[in-house]
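These notes open a run of structures that come right after.
Two complexes follow with subunit A in common, the first pairing it with subunit B and the second with subunit C.
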Partner chain A sequence: MTINEAHEAGVVVVSPQGRIDSTTSAILERHLQGVAAAGQTRVVVDFTGVDYISSAGLRVLLALAKRGRDQKGRVALFGMNDSVRQVFELAGFVALFTIAPSRADAIHSAMA
Partner chain B sequence: MPEVNLHRVTVTASSDGIRQTLNEFEQFCGAQGLSDDVRRRFLVALDEILSNVARHGSPPHVLVQVDFKVAGNTVTVIVEDEAVPFNLLDAPSPDTSSPVEQRKAGGVGIELVRTLVESVRYEHTGGRNRLTLTDRTSRPADHS
Partner chain C sequence: MALRVRIECTGGAPEERVLEHTDVVIGRIATAGLVIADASVSRQHARLTFQNGAWWVEALSATNPTFLNDATIDRPHRVVPGDLLKMGTSAVRVLGAPEAPRPAPPPAPTQATAADDRQSARLDILNEVHRALATALSLPGLLDLILERCFSVLAPEEGVVLLRTPTGSLEPAATRQRTGPAGPIHVSRRLIDEVAGKGKPALVMDAAVDERLAGSESIIMSGVRSVAAAPLSDADGSLGMIVLSSRAGVRQFTQHDLDLLVSLASAAALRVRNVALTEEAAERRVLERELAIAHDMQMSMLPKPMPDQPQVSVAATLKPARSVGGDLYDYWLAGDRLWFIVADVAGHGVGAALYMAVAKALFRASAHGDVSVADVAARMNRELARDNDSMLFVTAMFGTLMLATGDVTMVDAGHNPAVVVSPGEGLNSPAIPKGVALGVVEDFEFTEGRFQLAPGATLMLYTDGATDARSTAEQIFGADRLMTAIRNADSAPAVLVSCVTAAIDAFATGAPQEDDITLLAIRRKA
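This part shows the complex of A and B:
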């Protein structure tokens, strides 16, 4: 897995590429922990390069949502394909996140 | 008689074994021309099943045999392991409604196995756990 990171208007946009499953989720987890350690609390996760996500990846995102809650930060997601969206729905994760229709909307939401 | 295409992978229940199985399944899907939708449903289910064996299976690093099969318009994946008997279909449903502070991710993976693939069957036979997953080679565009 490759993860790109961009900074825009005080928001960190994290873009994982490929699968987020039990074989890769630790990489995403470490990256997001680094973002938190740097004091960044406004985080957007860009799913446009994500093929699928399994529960190992959901676990990492739940930790991100909990940190966001504790640190009064903002988390927004965008760019999910149908498979990723379906996994979020089946897991009841849609209610835990702001899922924005575009990158600009996600950044706007994380800035608010 | 429909043409039957079969591929078998034997790995240890470990991160490397999971990665290898998922890669082999990706190649199998490419060779069989399966849709992204079907490919992703099975990849998630396989990751959940194999990582569950890797985490909880006893003895550790037990061997797992995975068969991929396409016959007619049916895809079948059979996962067999020699770990202690465990029917993951018996696991309780996860919490999918509490707010973020109380939410736990436990049980979500098994729920995904139960719901993403059309049919999942468990047997304990010949000293092995056997999960048989079947689905169609393609589904209508909307999966609601």
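This part shows the complex of A and C:
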């Protein structure tokens, strides 16, 4: 898995590419922990390059959201395809995340 | 005219030398004719010359005086046996003419030269070390052997083998010193970077002037040092290094010495890598054994097949992706209520399996008497969410079936939808309010869903390992194929479960199973 990172208006936009499964979720987890360790609390995860997410991937995002709450930060997601969004829906997680319709909206939410 | 002298150097044993030339510079610099490994001595401190049938000494340093029998000298003085030349904290005693050479041994028939002898000794060492590699000699034994052989041929004063530890630091694995106590040997960071880091052998003629050591602490704390260092490395990277050092006045290493050391180091690297692989394999065997035990325990926690009941029959399967997994199913009869659950812990492996064991115990402990399914969900969720820093979670579909009426009460805690197979009506998915997976939101209030299972109908629960099973062509089995497999199967639970399993297996054949697959079928008899 490759993960791209961009910085925009004080927000980190993390863009994982490919599948987030039980193997690759560890890579994403380390990356997001690195973001947190750098003191970044406003995080957007860009799903436009993600074609699959497993429950192990959901766990990594839950941990990100939990850190966000603990550190009074902001986390927003955007760009999910239907099957990825369905995984969030099945797990009952849609209400737990800010899922924005676009990149600009996601960054705006994370800035708020 | 040759002159025998004895160097009395600070902190070192006296060394006798024979001066063969008629003009000999004494000093710390490595190119001096008589090198004194003492920082208090100037690089070019004094000079001995043979003129008019006698030896003379003169001072070369304007600032660092030379003493002849405790008197400073400012012009050439004649020296005689017994004289003492003091420079810094070291001294050179003039002894006189060399002892008469012993009669030369008769020439060997092969006319072997000294160089040939050295070459042959080096080949012997390499052969010996390679033979040792083929035996069961332990790694410490091999490292000791290599240092010992280095000492016999290359004659360093100190030697150390540094090996990389699992944390990445380099630690001494074997040390050897010619004289004195074998205290800690300090190797400079720059030399480690150069040799172990970049994998380059290094030959240092004079540690005090070599730029690889510029600005660093001296390789060994005092004196002018000649150092030969070779990396222990193989195709997979650096394993450590071997370092030999000597006071430059005693011995300076040559390129030939370094070549031999490099050969010895690569032999040692082979064994170091083999030992590491052997240890790794042993650890893996232990881990595999523990995982096998965990697998057996996990499987033993699953309920025994339920004998056919007058009103209901149940069948289930769990196929773990690794030897232990994060799925679980359970069912039991409590009076006229059948309790059932299918659940999936995020991820798999030992951590997921432990969390799954907790979830199962909570379900068994919570679901009893007249407690409502929603209350069971709330209690399990609260316990699992408490102190859940790693954010593990369990998706679960569970509830009760009243045997007399067919009334089903279920909670959906973030799980895949259930399927009901009704005779003559095909498949439908009962509407159960969506709740959050267990362990995430501590005070979440779950809402029950209710429906009636008609006589002859079958309720089927599964985990996402079934829908997400992948083929070698990277296609996903998917909900549609799952529904087709269910529709095509006989709705008797045992048949249904084995037919659906077979359909998934056929689809995913040849591809690694990435997630646990669990199926549970409950049929209300007609």
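Heads up, the rule we're going with is that the second predicted complex is superposed on the first by the 112 of 112 C-alpha atoms of A that agree within 3 Å, B and C clash if a C-alpha of one lies under 4 Å from a C-alpha of the other, contacts with A are read in each partner's own complex, and residues count from 1 in each chain.
By definition in this document, a contact is a pair of C-beta atoms (placed from the backbone, for glycine too) under 8 Å apart; a residue touches a chain by one contact, two chains touch by 3 or more.
This is a predicted model, so every value here is computed, not measured.
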Notebook entry, point to check: For A:Ala91, is the partner it touches subunit B (first), subunit C (second), both, or none of the two (neither)?
Noted result: both
Between subunit B and subunit C, more residues of subunit A are touched by B
Per the contact definition in the header, classify A:Ser55: touching subunit B only (first), subunit C only (second), both, or neither.
both
Based on the superposed arrangement, let me know which partner A:Arg69 touches: subunit B (first), subunit C (second), both, or neither?
-> first
Figure out whether A:Asp82 sits in contact with subunit B (first) or subunit C (second), or with both, or with neither. first
Item to complete: Applying the touch criterion given at the start, work out whether A:Asp21 contacts subunit B, subunit C, both or neither, answering first, second, both or neither.
Response: both
Where subunit B and subunit C land on the same part of subunit A: residues 21-22, 52, 54-56, 58-59, 62, 66, 90-92, 95-96
Residue positions on subunit B within touch of subunit A in the complex are 15, 18-19, 22, 36-37, 40-41, 43-44, 47-48, 50-51, 54, 94-97, 100-101, 103, 105, 108-109, 111-112, 115-116, 143
The residues of subunit C that touch subunit A in their complex are 344-349, 390-393, 395, 412-417, 434-437, 440-441, 464, 468, 476, 514-515
The answer for subunit A against subunit C in the complex is residues 21-22, 25, 52, 54-56, 58-59, 62-63, 66, 89-93, 95-96
Touching subunit B in the complex, subunit A uses residues 19, 21-23, 51-56, 58-59, 62, 65-66, 69, 81-83, 86-87, 90-92, 95-96
